[in-house]
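I've put the structures underneath this note.
Presented sequentially are two complexes of chain A, the first with chain B as partner and the second with chain C.
Then we have the complex of A and B:
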């Protein structure tokens, strides 16, 4: 077992990884398995699940009703993440659609897998060829076939339940089956699919990193319906699983360690990364290979912040693409009361999804969509609505029950295209507690999204008629979905991209930037599985290079 | 047989888990000889298979981490070093394929391998010695004819001096091995006699449930009075209504043996979960009934300090108002109620009632929390529950250091344990952080 060497608080390891989320932890796991010594730094604290569960139970109803998934997580005072109840304005959002980029993410060991729905989608093969197929966006320098084996491995690492039935897979091009069959549909999913599927909406099970039987030390999901903000029983995959696995095998994991400076040397290779500990003392990590896997915001943030003499515009930024092409699935919701009880809100928070318009020739003109049947219990909105009716006593109880049973909430995701103008920059005025520049993000969604929104609204109105919907409503403001992509974009040309097909920085031979930031197209599906697959692909690349040297 | 299960840390924490450095008497493999397996009638082989299940041979001789059936190689980490179970497949090179029936019989009943080496009584030959000639023959037929030979030799067990001196077993056997077959008591019913045979010989229940003396032999006069099987505790199963299972109905005990759970009384974990998963659930109903018939008549044994049955303690809790709205800051949860609420209540419910269908069991009126020893409570929290019976996999995650849910500290576990004992269980039992540290190490 090869372990990092710690001298006076400085660390030397074969591989230095910044960010102990799903991407960093999986890479660490692979490289520890290769016999490399690995040091992993995370800017945030270690999380105590029981504490967060209790924090959630203590949250005021206003925060819960507003889906505050951030406020219950402890933060390192030196590593803020966005807060909204009340807002901490850590990120300044500007541009016509700035408020549509108000992201949730956790800076802590385990990262944002502490609060995710565990959806584990693959991109479609055509999603890798948006430019060639539809004349919009960018092509990836790698194909679906290149990534497919890594998708399989990522699913196996995380313990994903997905449909064995080919007809229910999206996409169905797979070389290996899911580790476990789909999480069975409840009444709501089954009934909804029966009504809408004859009209081409194509309901499929959401592949998800949880199981309905015990798996690899995790208990079976028992349907607490609380995946976000916290799975109270740990049935859902969390990157701390990989963190623990690597620590048990000799990796060094340092929490509350805020990376802020990157040194480069001969041939522009990275020589060290510097961080502040919780006492604000600075240390450095030296190694042979470096991985920055913070997330789609914090990775470009760090690269820009770490600009040095040799890289005055930021690390890995000779293309000027670091922090550009910021993407996230533009979201909106459609709610209504069906003419029959559907009983959403049992089981995990997301179980099925309409993918009928996930692809099609229309993508040359406007955005595809996916429509999740939101399975979060309607108890809070139903109560708020029933109270507004002025009901009391039994009538109030009955109305809440009726609205919970008949209520439908559809969460729609649209696909933004990579646009260099959607950009993260360093604030010239705002500094965090360490004196480091806070991120600013400019965001503007063009006609591709707006036309996609209109098309989806037509589809939703049609779905509403199928259920004789009342109180039918579609939100007009696009919301963030916390799927951070694009900021360190992948491409074959170093002039207009930051990393290559293995997520290795074009500018630095020994620096990898895997994760959502590398993704040149966002598709309409949650990004985590693609991020994990890219992580494993990077890990293979790092391993082969370290073996050679 | 039960399918392979995911690794659950502490497997096989049976009798040999008692073998702490004070007296270590360990299992070692059979060795090699030369002989051909004759053909046996299908009926005999089937009977042998049933007996092998009832004797739970697989418990030690199949590596739960994906090992081939009966190929041994299950590594047991002990304070003395790793003990490897032996290959008992009919491989001539690595297993018992070259054994004659009389050599097999001698190993089973007297703990002597074909090459004359003595086994340690982790192999339950002091119980198997009671097996009838007919049953030993059927077992031999099964192992020689129906088990697939595996030519892999398990690693050799190498214990330090003096535990490596197998010759000492000659003395031990002279003192403690009663090399006699089970004899039916004509004054008792056929069911009682069958039960006595299954309990004392085949299922070797006393291996865990009878306390041991300093030389690790079962204490005479204390049969089935319960004893530590570190880090667990095998409870008193005599019919005493306070210390034993006299307060259980016949049907409850039957159900427990078949499924590992009787709500609210008890749920099998540790070695008992394995015994149910690997062996007891597959017994013929008449054999289970016979076991209970026999157990109901053995001499009841009462511990002087016991005043109430273990399932007769506690009641529902109501702590919500004491923990809600209290600023616990960003640090760790403080106090038993808060720790219980954050880590346990999602499944066992705030009141400790478990869920309606008892998928997650009630914590009061439960022998784990009402026992006079907290071993099973501590070990359940540390090592979890993994039971595969009655068509269901019952799984509680561990909260020890390998936990994917939340690794809890010794102090947190002792705080939770004491809260649970005070609220739901036996308030006279106190758990120290040292108790947890000891159980964490497995002894």
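Then we have the complex of A and C:
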């Protein structure tokens, strides 16, 4: 077992990884398995699951109703993440759609897999060829077939349940089956699918990183209906599972360690990364290979902040694309009361999704969509609505039961195109507690999204008629979905992209930037599985290079 | 399963109260037994989905575990205290008022105490209105009738604040806000046979595959409007 060497607080390892989320932890696991010494730094603290569950239960109703999935997580005072109840304004959002980019993410060991919903979607093969197929966006320098084996491995690493039935897979091009069959549907999913499927909406099970039987030391999902903001029993995949595994095998994991400076040397290779510990003392990590996997915002943020003499516009930024092409699935919600009880809210929070408009020739003109049947209990909104009706006693209880049983909430995701104008930059005026520049993000969604929104609204109104909906409503403000993509975009040309098909920086032979930032197209599906697949592909690249040297 | 909370005992001792001591029913536990005994078909449905006998045992024990969340141990120093002198309402009076306003008999005295103290700290207007409000309830009056009489007396907002606190578990708003209950919040009760308060469970793995309970209420009125 090869372990990092620590001298006076400085670290030397074969591989230095910044960010202990799903991407960093999975790479660490692969490289520890290769016999490499691995040091992993995370800017945030270690999380105590039980304490966070208690924090959630102690949050006021307004925060819980508003889905405050940030406020319950402890933060390193030196590594802020966005807060909204009340806002901490860590990120300044501007542009016509700035408020649609108000993201949730966690800076902590385990990263944002603490409060994800564990949806593990693959991109479609055509999602890798948006420019050639539809004349919009960009092509990836790698194909679906290149990434497919890594999708399989990522699903196996995370313990994904997905449909064995080919007809229910999206996409169905697979070389290996899911590690476990789909999380079984309850009445709500089955009934909803039966009503909408004859009309082409194609309701399928969401592939998800949880199982209904114990798996690899993980308990079975018991449907606590609390995936976001915290699975109380650890049945949902969390990057801490990989973190614990690598620590047991000799990896060094340092929490509350904020990377801020990157040294480069001969041939512009990275020689060291510097960080501040929780006492604000600076240390450095040296190694042979470096990985920055902080997430789609903090990775470009760090690269820009770490500009040095040799890389005056930022690390890995000779293309000027670091921090550009920021993407996230633009979201909105459709709610209504059906004319029959459907009983959403039983089981895990997301179990099925309509993918009938995930792809089609229309994508040359406007955005595809996916429509998730939200399975979060409607008790809170039902109660708020029922109280507004002025009811009390049995009438109030009946109204709550009616609104929960008959209520539907559909969460729609649209696909933004990469646009260099949607850009993260360093604030010239705002600094964090360490004196480091805070991120600013400009965001503007063009007609591709707005036309896609209109098309989706037509589909939703039709779905509403299928259920004789009342109180039918569609939100008009697009919300963020916390799927951070594009900021360190992948491409074959170093002039207009930051990383290659292995997520290796064009500018630095020994620096990898895997994760959502590398993704040149967002599809309409949650990005985590693609990020994990890219992580494993990077890990293979790193391993082969370290073996050679 | 009836849980008795014995004032003065160091721990919650189900069924072991000393003679002469008051026994109080902890609300969520009090509803657990009827649901399990009155709805045996639901458990049989679990069996129909090819669950093993062992898993049924797990379902039952976890269901009991869920419905036991409100069993709050009352140690000697934690008994519902009467309000200190100078405050407008005692805990007992506030509990009686809460029962009348919500129509729920099975509210927990300790939660009532916490809620009253939270109103005192967070909402002076509601707190000041409580004595007048507490003089309104009449024998045999429904919660709806009491609500109307509160509105007629200009106390509608205070009445709604108390009802809202019991349903949401939250008292006050903005910077002056306190959480006094989570799973015990009444908003989860009307559907407690169908789904747990989030983070709790209603059964073992894949419990949600069993059919949902009969809805027992009418559908949304068609006249409500807002059609697609």
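Simple rule for what comes next: the second predicted complex is superposed on the first by the 549 of 549 C-alpha atoms of A that agree within 3 Å, B and C clash if a C-alpha of one lies under 4 Å from a C-alpha of the other, contacts with A are read in each partner's own complex, and residues count from 1 in each chain.
In this text, a contact is a pair of C-beta atoms (placed from the backbone, for glycine too) under 8 Å apart; a residue touches a chain by one contact, two chains touch by 3 or more.
As the structure is a computational prediction, the values presented were derived from the model and not from experiment.
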| item | value |
| --- | --- |
| First (chain B), second (chain C), both or neither touched by A:232 | both |
| First (chain B), second (chain C), both or neither touched by A:248 | first |
| Chain B versus chain C as contact partner of A:48, first or second or both or neither | first |
| Partner chain in contact with A:57 - chain B first, chain C second, else both or neither | both |
| Touched partner set for A:220, first chain B, second chain C, both or neither | both |
| Partner chain in contact with A:493 - chain B first, chain C second, else both or neither | neither |
| Dominant toucher of chain A (residue count), chain B or chain C | C |
| First (chain B), second (chain C), both or neither touched by A:313 | neither |
| Common ground on chain A, meaning residues reached by chain C in one complex and by chain B in the other | 53, 57-58, 213, 220, 222, 224, 232 |
| Complex contact set, residues of chain B against chain A | 6, 323-326, 328, 330-333, 338-339, 341-343, 346-347, 359-360, 386, 393, 395-398, 402-407 |
| Footprint of chain B on chain A - complex, ascending | 45, 48-51, 53-55, 57-58, 74-75, 213-220, 222, 224, 232-234, 238, 240-241, 244, 248 |
| Complex contacts: residues of chain A adjacent to chain C | 53, 56-62, 183-188, 212-213, 220-226, 230, 232, 336-337, 339-341, 343, 345-347, 376-377, 379-380, 382-383, 387, 390-398, 400-406, 460-465, 468-473 |
| Complex interface listing, chain C residues touching chain A | 62, 101-103, 142-144, 146-147, 160, 163-164, 167-170, 173, 177-179, 182-183, 186-191, 194-209, 211-212, 215-222, 224-228 |
